[in-house]
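Each in structure tokens, the structures are laid out below.
Two complexes follow with chain A in common, the first pairing it with chain B and the second with chain C.
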Partner chain A sequence: MIAKEQQRPLASRETARGKVFDFRRQKLRTARVFLAPMILVLLCVAAWPLARTIYFSFTNTSLNDLYGGQWVGFDNYLNWRTLSSGRVIYRGTLVDPDWWNAVWNTFRFAIISVGFETVLGLMIALVLNAEFRGRGLVRAAILVPWAIPTIVSARLWGWMLHDQFGIINDMLLKLGLISEKIAWTASPDTAMIAVLIVDIWKTTPFMALLCLAGLQMIPRDIYEAARVDGVHPIKVFFYITLPLIRPALMVAVIFRLLDAMRIFDLIYVLTPNSTQTKTMSVIARENLIDFDKFAYGSAQSTLLFVIISLSVLLYIWLGRVDLTGERDR
Partner chain B sequence: MMQPHTARKVLKTTLFYALVAVIVVVAIFPFYYAIITSFKTGTDLFRISYWPEQLDLSNYRNVLESSTFPRNLLNSVYVSSLTVLLSLVLAVTAAYALSRIRFRGRGLLLLTILGVSMFPQIAILAGLFELVRATGLYNTPYALVLSYLIFTLPFTVWVLTAFMRDLPVEIEEAAIMDGLKPWQTVVYVFLPLMWPATVTTGLLAFIGAWNEFLFALTFTSSASSRTVPVAIALFSGSTEFETPWGLIMAASVLVTVPLVALVLIFQRKIVAGLTAGGVKG
Partner chain C sequence: MTQSRNSDIFCRTVALAALSVSTLASPALADVVTYVSGAPAKDIQVLKDIVKPWEEATGHTLEFTAMPASTTDSFGQYRLWLAAGNSDIDIYETDVIWAPQLADHFVDLSDAAADVAGTHFPSIIESQTVDGKLVALPLFTDAPALYYRKDLLEKHGAEVPATWEQLTATAQQIQTAERAAGHEDLWGFVWQGNAYEGLTCDGLEWVKSFGGGQIVEPDGTISVNNPHAVAALELAKTWIGTISPEGVLAYQEEDSRGVWQTGNAVFMRNWPYAYSLGDSDDSAVKGKFGVVPLPSGGSSDSSAATLGGWNLAVSKYSKNTEAAVSLALFLTSPEAQKRRALELSRLPTIVSLYDDADIDAQQPIIPKWKDIFLQAVPRPSAPTKSKYNEVSAKFWSAVHDTLSGNGSAAENLELLEIELEEIKGNGW
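Entry: the complex of A and B
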């Protein structure tokens, strides 16, 4: 190695440049070889199935005969027929009240759950950022809901929210907050609340940890300076803490929103068959697999994809979120 | 003058610890209650109790002796392990290229990978269903491994890229000086430095695969090929109206205890991994 170092100044400028160029080419070739397998796999499991789903949405394919479908254009989205009486009948997902109900449920669920999770997560993060005895234990405890599989937490809460034998009704009755037992998951008024409770319980820890990581990046001397100047703690929070963790928070919120908008498992298990909680993913799968309306379900899946993509672009554009983390480098 | 000040301080501390207590109780009570329930049988199940009263292991015995649940556990272990292994092998090399080599379109590629990880899984369900049917993988573990790559692979690539980017350039320069080939650099220089990151990322991907429900529900048809989440979701009693809560809780505790243990052991690493990835595992 030492010998190499010494030789270097002796080499002429031309060959040195040639070497750098060679080296650069070799690196690019390495990049291609190293990236190819991953890109190939992603093309197979993501791009191709997505393209096929979109294609199916323009056909009348059925579940039992995947290759027997014919091109029907936009019929699954919207089509109309004029009766002899002159009345026009519209059909398709875009005039399907069940679909719009699912869209409404999805947005309602996503915005409320992520809103609560952000506020509660921030609160817990502030608590965990203070120094107190047993902090490690508390941090371990809040990781428990996050570690529990979604299906298991749906079952757990389904049992706790049971109308007859559930412990939640028992607690609320004993505290005198309700006068009679509530059928949390079955009643149309409370089904969405039940789903929200479980989701907020399960995902707030994730938010709290991301917020905590943001909080710990803030240099302590800023707080020191604020304390010396006698700034009120609430003012400190809104004028120092919040602006400083805003970038981290924006990224956390977008990931959570995306995750909330595709929710399927919790609702499928906790409140099956409730029109109050059916989201876009639930209704699309129902059509795809259970109701044998494969092409119709594909159209709904495609719409969900479009809606989510547009929401993300809008959010990134509005919030100027730096997703790749490369900008500050 | 001193008195009210200390009183206020005591009050503040009390309130703070009360808040901490509430957080802890809300976080762990449901799991605690599942454990209590799993030890109850018969009519005791329907008597609400806040403290453990009996320790009847028959629910656990029934679950483990049932015809399919042990098989479901094995399926979950097999599918999740294979998925993680495949993703890590593909991701380590990809992450090296994405973090250490400058090339045109790198930012776009990173964004695309991130986009794929945020994909609504239902959007590819129809296409994947066709793929799984056409390749004859339907109702086999490999259908699940294939479909799980869609969320584990982008996640592992993303997190490992973030980790690798933070390693100093000098390491690589030394490797190049020593005349190492790129794959040797990855295997002998980066892997030893990255193993903590790799273990964490693998663990998070494992949890993601272990918990997956939509694909597992759609791409399996027989009870013996199901994974644990599907088995727990579809647990039913002898009649339609009789849900075997004791069994469900025992099964739930069985599949959750290892996860909780792993998460608590790797606590600090997991937090670092989550922050680097910003993705829910």
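Entry: the complex of A and C
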């Protein structure tokens, strides 16, 4: 906006300055008034619980006595004591192998699922961007998996993946692709694959939709120019389409990464308690509620928050470096 | 489009939140007792019927709140409500293992139930007593048994197995023969192998029936790392992929019942509820099966069934304590327990009901179950107190790891012992 002002001829700027200034102040004030309720709500539903959780993580609070916790410093994160034999024993989340296993599971899950969803989503978006009859219907239909509540789709897939009565095993057997029924959610080798299949099935439409929005922003004449110049379609994709939808894609990936790293419901329903699929959220809840280690779970929740924040910052930072490279060229 | 979807979701969330706040915040009337339970639909129907005489006699009414069927999910919700001092729920239906973990939040019923406590099985009353405080009144009890297919055993000239080793051999023999005869989907033995509370029950039965103790003994000693327990788990491990499908490692009660009731299993380990369902008209095994106590194993000759069952506890935060206590007493009375036995095949906790003529005539299975119940072994919820859930999770993880081939039984139990000692610290 400021840039636009500066481009105006000097004379008109001089005369309008006072008014514009007033107008801008007024606009700012209105904006503040409109934003205030939102900020208030955010403070209540996001900032306060977060602050509480972080506070709990430095105490020894238990669920049976929420207000009687005492300050214990970093003990929930890391503490040690020296035995009489001189051996030092370390305790706390930071040396808890279960926690690091959960961190590893979360990253593995987030990277693989978001990777697949981005590629598949982009492919679907490219198809949907083409002109064909019934496009509106197909666009609506593709959203169905995304519209189903996660709990419902997790249960649904749980039954389809069931080793004895599941339809997936039945189909694969009849097609001759497998020789005996696979215990998808039970076997340690396939538990993560099962979770990934369901998540990719569910979230690809979301990615496709965001990519489609990006695709529709691209002016048609660029493609026409490319066609006139006889550029190969694959080159068109990599040199025109991809760079132009990149900002939209980046935002979509941030959304999905945030979402994937705090995955809970799908795993909680499909493969609860499997060490192969337990993520940070699942293990934090387990400690908070099931194990009566409220403070310990709070420490894990705090770490989860820190890890997700750092990952997103890292991602934005890396993304920006790349973007500047583009501009320089 | 996303924008409108998001705002739509937001609206719905707000509406839902407002709805739940308004329901939670509405003060309970003095004469409405709120009862919360995750029981199946049929139990709830019967409950609403059973409670009528009480409602007429006292003028109070019962309001029912349904919970998820999974005990773990209900437990999480109950714990949150109780931690927040929620006064809207008066009576909680509690699992037998919860008493020590939630004891602080419930009313002491020992005075109110002084006259009737003696009529229940002493072991159940004991399981619900924490530091001299009677936390909950027993509603019904549960003990699993071995279901077997009479027709298949007769056809192949096999005896009902008394030991786990016999069960393994018989299951294998019948499975091989039947599969050769074209019954491709038949499995020898189905049970509950998912990594959850149910596997703690199954695992405890194997270990205990092999003479390997009960994980943590009543005096608090950690006993799980011993050769008998190793032998028990090693035997169970051989079942996976041979007489039990590999998927059994994800089965809960209903999955194993699914395989069993479609006629695809020779043996099943399950709770009594599967009996009346297996005997219903749409069941493929109707009239073809029997029930015996679970086998013993190794050099031990006693079998073990894990003690289950549900109880009624009155919330300390209730505003209608008096009415709630009277309802709890009424619902656990001999009349109510008898009706539940007749209509739902729920095992009574009152000793004399096992000699009741009506029950014997209409539900002959219940008197038979007395033997199974008398051998029931409690899970170590009493000695481990508030740490029970964590102990149980460590145990089922060790068993699940062993069964899925992630380390040997000896290695996993050795590791489990160290972990339990760490949880125990200076004392439970």
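As a working rule, the second predicted complex is superposed on the first by the 284 of 329 C-alpha atoms of A that agree within 3 Å, B and C clash if a C-alpha of one lies under 4 Å from a C-alpha of the other, contacts with A are read in each partner's own complex, and residues count from 1 in each chain.
Just so it is clear, a contact is a pair of C-beta atoms (placed from the backbone, for glycine too) under 8 Å apart; a residue touches a chain by one contact, two chains touch by 3 or more.
Being a predicted model, the structure only gives us computed values, none of them experimental.
By the touch criterion defined above, A:50 lies against chain B but remains apart from chain C after alignment on the C-alpha atoms of chain A.
In the superposition on chain A, A:66 makes contact with both chain B and chain C.
Legend: residue contacts after superposition of the two complexes on their common chain; A:273 is shown touching chain C, with no touch to chain B.
Of the two partner chains placed by superposition, only chain B is touched by A:132; chain C is not.
When both complexes are overlaid on chain A, the residue A:124 reaches chain B alone and has no touch with chain C.
When the two complexes are overlaid, the chain among chain B and chain C that reaches more residues of chain A is B. When the two structures are aligned on the shared chain, A:210 is found in touch with chain B and with chain C.
Within the superposed three-chain model, A:164 lies in touch with chain B and with chain C [touch as defined at top]. Residue contacts after overlaying the shared chain place A:259 against chain B, while chain C stays out of touching range.
In the superposed model, A:290 makes contact with chain C only, not with chain B. Taken together, the two complexes place residues 66, 164-165, 209-210, 213, 285, 289 of chain A in contact with chain B and also with chain C. Contact residues of chain B toward chain A in the complex are 16-17, 19-20, 23-24, 26-28, 30-31, 33-34, 37, 45-46, 48, 50, 90-91, 93-94, 96-98, 101, 103, 107, 109-111, 113-116, 118-131, 133, 146-147, 149-150, 153-154, 157, 162, 165, 177-178, 182, 186, 207, 210-211, 213-214, 217-218, 228-230, 232-233, 245, 248-249, 252, 255-256, 259-260, 262-264, 267, 270-271, 274-275, 278-280.
Per the touch definition, chain C reaches chain A in the complex via residues 1-2, 72, 75-76, 79-80, 83-84, 101, 104-105, 185, 193-196, 245-251, 255, 258-259, 262, 264, 386-387, 389-390, 393, 396-397, 400-401, 404, 406.
Listing the residues of chain A that touch chain C in their complex gives 62-64, 66, 162-165, 181-183, 185-188, 209-210, 213, 271-275, 285-286, 289-293.
Residues of chain A touching chain B in their complex: 1, 4, 26-28, 30-31, 34-35, 37-38, 41-42, 44-46, 48-53, 56, 66, 124, 127, 130, 132, 134, 137-157, 159-160, 164-165, 167, 170, 201, 203, 205-206, 209-210, 212-213, 251-252, 255-256, 258-259, 261-262, 264-265, 268-269, 280-281, 284-285, 288-289, 294, 297-298, 301-302, 304-305, 308, 312, 323-326, 329.
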